[in-house]
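Both complexes shown next keep chain A, but they swap its partner, so chain B is in the first and chain C is in the second.
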Partner chain A sequence: MAPGPVLSCEGLRRRFGGIVAVDGVGFVIQAGETYGLLGPNGAGKTTTISMIAGLLQPDAGRIVVSGEPVSTRAVAVRRLIGYVPQDLAIYPDLSARENLVFFGRLYGMPAARARERASEVLELTGLADRAGDLVKTYSGGMKRRLNIGLGLLHRPRLLILDEPTVGVDPQSRNAILESVESLAGEGIAVLYTTHYMEEAERLCDRVGIIDHGALIAEGTRDELVSMVGGRDRVRLLAPGDLGAWAAALAGREWVHEASVTGQGVDLMVTGARGHLAEILAAAAQAGVTVRSVEVTEPDLEAVFLHLTGRALRD
Partner chain B sequence: MRAALLICAKDLRSRLRDRSALLVGIVVPFGLAFIFSLILGGVTGRSQAIRLGVVDLDHGPVAARFTGQVLPAVARSGVVTVRREPTAAAGRRLTASGALGAVIVIPRGFSARVRSGGPASLTVIGDAASPISGQVALAIAGGFAAELNRVRLSVAAALRDLGPAPPPAAAVRRLAARAAAAASPVTAQDVSAASRQLDTKSFLAAGMAVFFLFFTVQFGVTSLLEERGDGTLARLLAAPVSRASVLGGKLATSFLLGVLSMAVLEVATSVLLGASWGDPLGVAVLTVAAVLAATGIMALVATLAKNAEQAGNWQAVVAVVLGLLGGTFFPVSEAPGVLASLTFAAPQAWFLRGLGDLRGAGLPAVWVPALAMLGFAAVTGAVALARLRRVAEV
Partner chain C sequence: MKALSIGLVNLRRAFRQRSNVFFVFVFPMLLILVLGVTFGGAATPRVGVVSAGSGPLGTALVRQLEGLPHLKVVAVGGPAALVTDVARGNLGAGLVIPRGYSEAIRGGRAVALRYVQRPDPSSRQLGQAIQGVVAAQAAVLGAARFAVAQHAAPGFQAGLAAARRAEALVPAVTVRPASAGTVPFAQRVGEFDEGAWTELVLFLFLTAMTGAVGQIEVRRLGLSRRMLATPTPPSAVIAGEALGRFLVAIIQAAVIITGSALLFGVGWGSPPGVAAVVIVFSLVAAGAGILVGTLFRNEQQAIGVCLLLGLGLGALGGCMVPLELFSPAMRAVAHVTPQAWANDAFARLVGDGATIAGIAPQLAVLAGYAAAVLALASWRLRRVLTA
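Showing the complex of A and B:
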């Protein structure tokens, strides 16, 4: 395998008429790393990955996969890339096995190897027992699994998954996420686009937040969360006079804000989980009986809100 | 090339599996050719000869010549069958019942009146239900009457040269016999109509085949638009395959479906309907040229559409207009004015003309029609390819 990142792209720019869909996007993905491209619908995610997959020519910028430049005319480099489009890209009038063998052969496999690899992917995606049935008879979840299986068929170094869980039932969604988690262990670099914050948090080693065609932030989850101050909200429900307890807590170094509400006390703290015992001990000392505790840690949704002023799913 | 063949094989498998291509490419054209040949086969076809009757009330030498020489000669052509009936009433009854298409009646005293130079006529009994049979019987009777008139004029001219004295009857009979035996000095030989024209069954088979060819080839080129709409085009283009291979695969699908449907129809209509297509090599040349022309035109129409459904609608309109213009249902080459010239704007017309020329003049005659169709293919195909590159984008 070539040294250096599996994917390196820089300064990607693409315009459609008067609209700039992607404006200066750049990032790298290492082998075995899952990189999430997080952004709302229309942010430029699909345009970015279409350029990386060689489907769309950038107006400017450079894309390199395992040392080989990518463009719409560069055919050979596409053997290194697996692409799972957002929409189901499978032939309904063919069986799952026929779909897999067809694309296997298209990726240059000899017929026997394509059949062998198709069987492996059918096992991997749990479709082996329906391998000979026409795809049009499959459930939505089975089609999704086949859609992803086709991207893995030729053992790519870079797998691009464009919102693979859109419209998928929870059970199939979980199966898809588990499959993606296992890919990193096999050394595959994964580029995963989603507008589901929880998917990005679960799967991705690093996340790039894209909005209006530009990459506005990038890093690990903790790095991104630290951008919004990294403060946790602790909401304590308790009856009675809470003023003394709140004042005692406000004096702690890790408490940034303590306020008495109608039903209890709200705290903004650093490292809430590590200080819960101390908070409850202070309540006991103040003679307060705490009925419930709710800790809200900052997430990528909060980061996006912080950076753009909008929610991810607006 | 390998990728194009893989895409072509995949498309052929899908098309044959959903049976739409088989239906449009083979079943419907064969069915229509079969139905039309049943309806129209009696006009000029060979299995449905026109049934004529003849009633000889005269029993004279002229009548004997008509029933013994003229009618058997016509019957040997296979166009008509002739049977004798005893009376005009019997002939009229059989015509009315449909057992006979028409009956020619030779009236009593016919020979005597012809030989004396007096007025004589043959009677044709037809029926409104069999207008073509009536016309054929009238033409046969008219032809015989014209021949008799030629003999009478020849004899009259010869007697005028002999002077005013009345000639002996024996001399008149000799003159009449010589005139009757002499060949007509001027005859019309209808080469294009007789030998360079397809018989009804062959015309119907070829017309239906080439008409539906334009629908059959749609399945290849239009599938590019379908794949773009379904999202599979993105996956194809993400594979290590050039855009040219994808386009080549689609065009190859159209071409192979076209050739397959035409070949099956050519064999099936020959074996089952008795159609005669002509020299197989010439037919193959014309078929390949017609398939290429149809593929080019339908590909060009597809590139003008936004989606597969719109392309299908536009292609159907173009196929029907060109089919009618090309004379696949009925000949339009004799239509007045510009319409006759427009016929040559349709590859279907060149295909049918090529088959006619092949029958009349042999293999060398197919090159002009074949080159005309290849011209259509080259022009429309080049424009379509340039435009298809834009279609093959996601």
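Showing the complex of A and C:
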């Protein structure tokens, strides 16, 4: 494998008429890393990955995959890239095996090798027992799995997944997320676009937040969360006189705010999980019986809200 | 090789649907059958003859009628049945040779033969041909009776033998036909022939046009985009699409030509000539199908236009009404369509027995159409795929 990142893109810009769809986007992905491109619909995610897949020529910027530049004219580099589109780009009137063998041939595999890889991918995606059935008879989840399998057929170094769980039932969604998690272990660099914050948090080593065509923030989940102060909310339900307890907690340096509500105490703290025992010990000292504890940690949704003033799904 | 893979997938998809198999192969064959039975029967008119009990001279007259070209003599049981069959159109005309015909002639009595005809020009033409045969026999019979009357023969049978011998020796007066101008319909065309080639031309184009729907579906499903995300250049995708349409057309043509020849006895003429017309016309049709497929975003829009163009151009190009029946001005307009040139080529091959060299002008025009349509279709498809 070539040294350096699997994907490196910088300064990507693409305009459609008077609308700038992507404006100066750049990031790198290392082998075995899953990078999430998180943003609302229309943020520029699909345009960005279309350029990275070599399907759309950027107006400006540079894309390199394993040392080879990507453009719409650079056909050979596409052997390094697996592209899983958001749409179910599968022939419905062919079987799963026929679909796989056909695309294997387009990736340049000899016929025997294409058949062999088709069998492997059918096993991998759990479709082996329905391999000969026409795809139009499959459930939505099975089609999604085949859609992803087609992207893995040629063992790419970079796998691009464009919102692969849209319209999928929870069970199939979980299966898809598990299969994506396993890819990183095989050394594949994964670029995963989504507008589901939970998926980005679960799958991605690093996340780029994109809005209005621009990458407005990038980093690990913790790095991004720290941008909003990294404060956790702790809500404690307890009866009785809570003033002394709240005052005692307010004196701690990791407590930023402590307020008595009608049913308990609300705290804004740093590192809530590490200080829960101390909070409960203080309650015992103050003679307070805590009935329930609720910890709310800041998430990427909060980060997006903080950065844009809008929710992810607005 | 990638273009071949794409072409073969298109081919597999086209014939995987049973409805496609019906409309591509079975339906054209049914139409050839219907057209042949409905309009092709007049090619060999059938003349019914009642000759039971007419004796040797009656049998001899039937043999002479059977020797006439372009008609078929059918034995009928009696005069009533003959009249019924002629009235119903099962027979073009009929002749009744009465019982005792030979005896009456030998006895020197006058005999009248009854000719039953339909009130149309074709039946009257048959009557003239039959009258000619009867007159020829009457001349020999008259000569035999003359020989008896002049005591040159001892009896009628001897006189008849002498007259037949003399007939071979007497210099005959013959009419030698010479043609001027052109005939509207080729003379060698069989019952099913014209229907077969016009339906072939119609359905080759129609099938390729409706193939545009599949092409739009491939684009709508994102399959074209997925193909381009593989190490496959747009030129291979375009070539594969064209190859798929072309292979469908070639297989359709092979089945219709072979099937119509085996089932209906259609004589297609020079195999190299037929192959050449099928290949260049299939290229035109494939290009047209791809071109139309690039002009619409969804299948519903495309299917109406495809049927309209396929049937409309087919009608204008002589696939529904023979070009020979068009006015000269309309015939000139019809030759804007590739169908008219293909029909001309088949008419020359089937009707006139032309070889591939004899249809060189038609092939050249069709090749020009193919080059132009395929170039335009490729340009449009590249723009659509890479937009």
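Things to note:
Here is the rule we go by: the second predicted complex is superposed on the first by the 314 of 314 C-alpha atoms of A that agree within 3 Å, B and C clash if a C-alpha of one lies under 4 Å from a C-alpha of the other, contacts with A are read in each partner's own complex, and residues count from 1 in each chain.
Assume a residue touches a chain if its C-beta (ideal position, glycine included) is under 8 Å from a C-beta of that chain, and two chains touch if they have at least 3 such contacts.
As the structure is a computational prediction, the values presented were derived from the model and not from experiment.
For the composite obtained by overlaying on chain A, chain B and chain C cannot both be accommodated without a clash.
In the superposition on chain A, contact of A:Y107 is made with both chain B and chain C.
Judged by the touch definition given at the top, the superposed model places A:D129 against neither chain B nor chain C. In the superposition on chain A, contact of A:D222 is made with neither chain B nor chain C. Legend: residue contacts after superposition of the two complexes on their common chain; A:E253 is shown touching neither chain B nor chain C. The clashing stretch of chain B relative to chain C, chosen from 2-10, 110-118 or 146-154, is 2-10 in the chain A superposition. Residues 53-55, 72, 75-79, 81, 83, 85, 87-91, 93-94, 98, 102-103, 105-108, 150 of chain A contact both chain B in one complex and chain C in the other.
The touching residues of chain A, counted against chain C in their complex, run 53-55, 72, 75-79, 81, 83, 85, 87-94, 98, 102-103, 105-108, 150. By the touch criterion given at the top, residues 1-2, 5-6, 9, 12-13, 16-17, 221-223, 225-233, 386 of chain C touch chain A in their complex. For chain B in complex with chain A, the touching residues are 3, 6-7, 10, 13-14, 17-18, 230-232, 234-243, 393-394. Chain contact summary for the complex, chain A toward chain B: residues 50, 53-56, 72, 75-79, 81, 83, 85, 87-91, 93-94, 98, 102-103, 105-108, 150.
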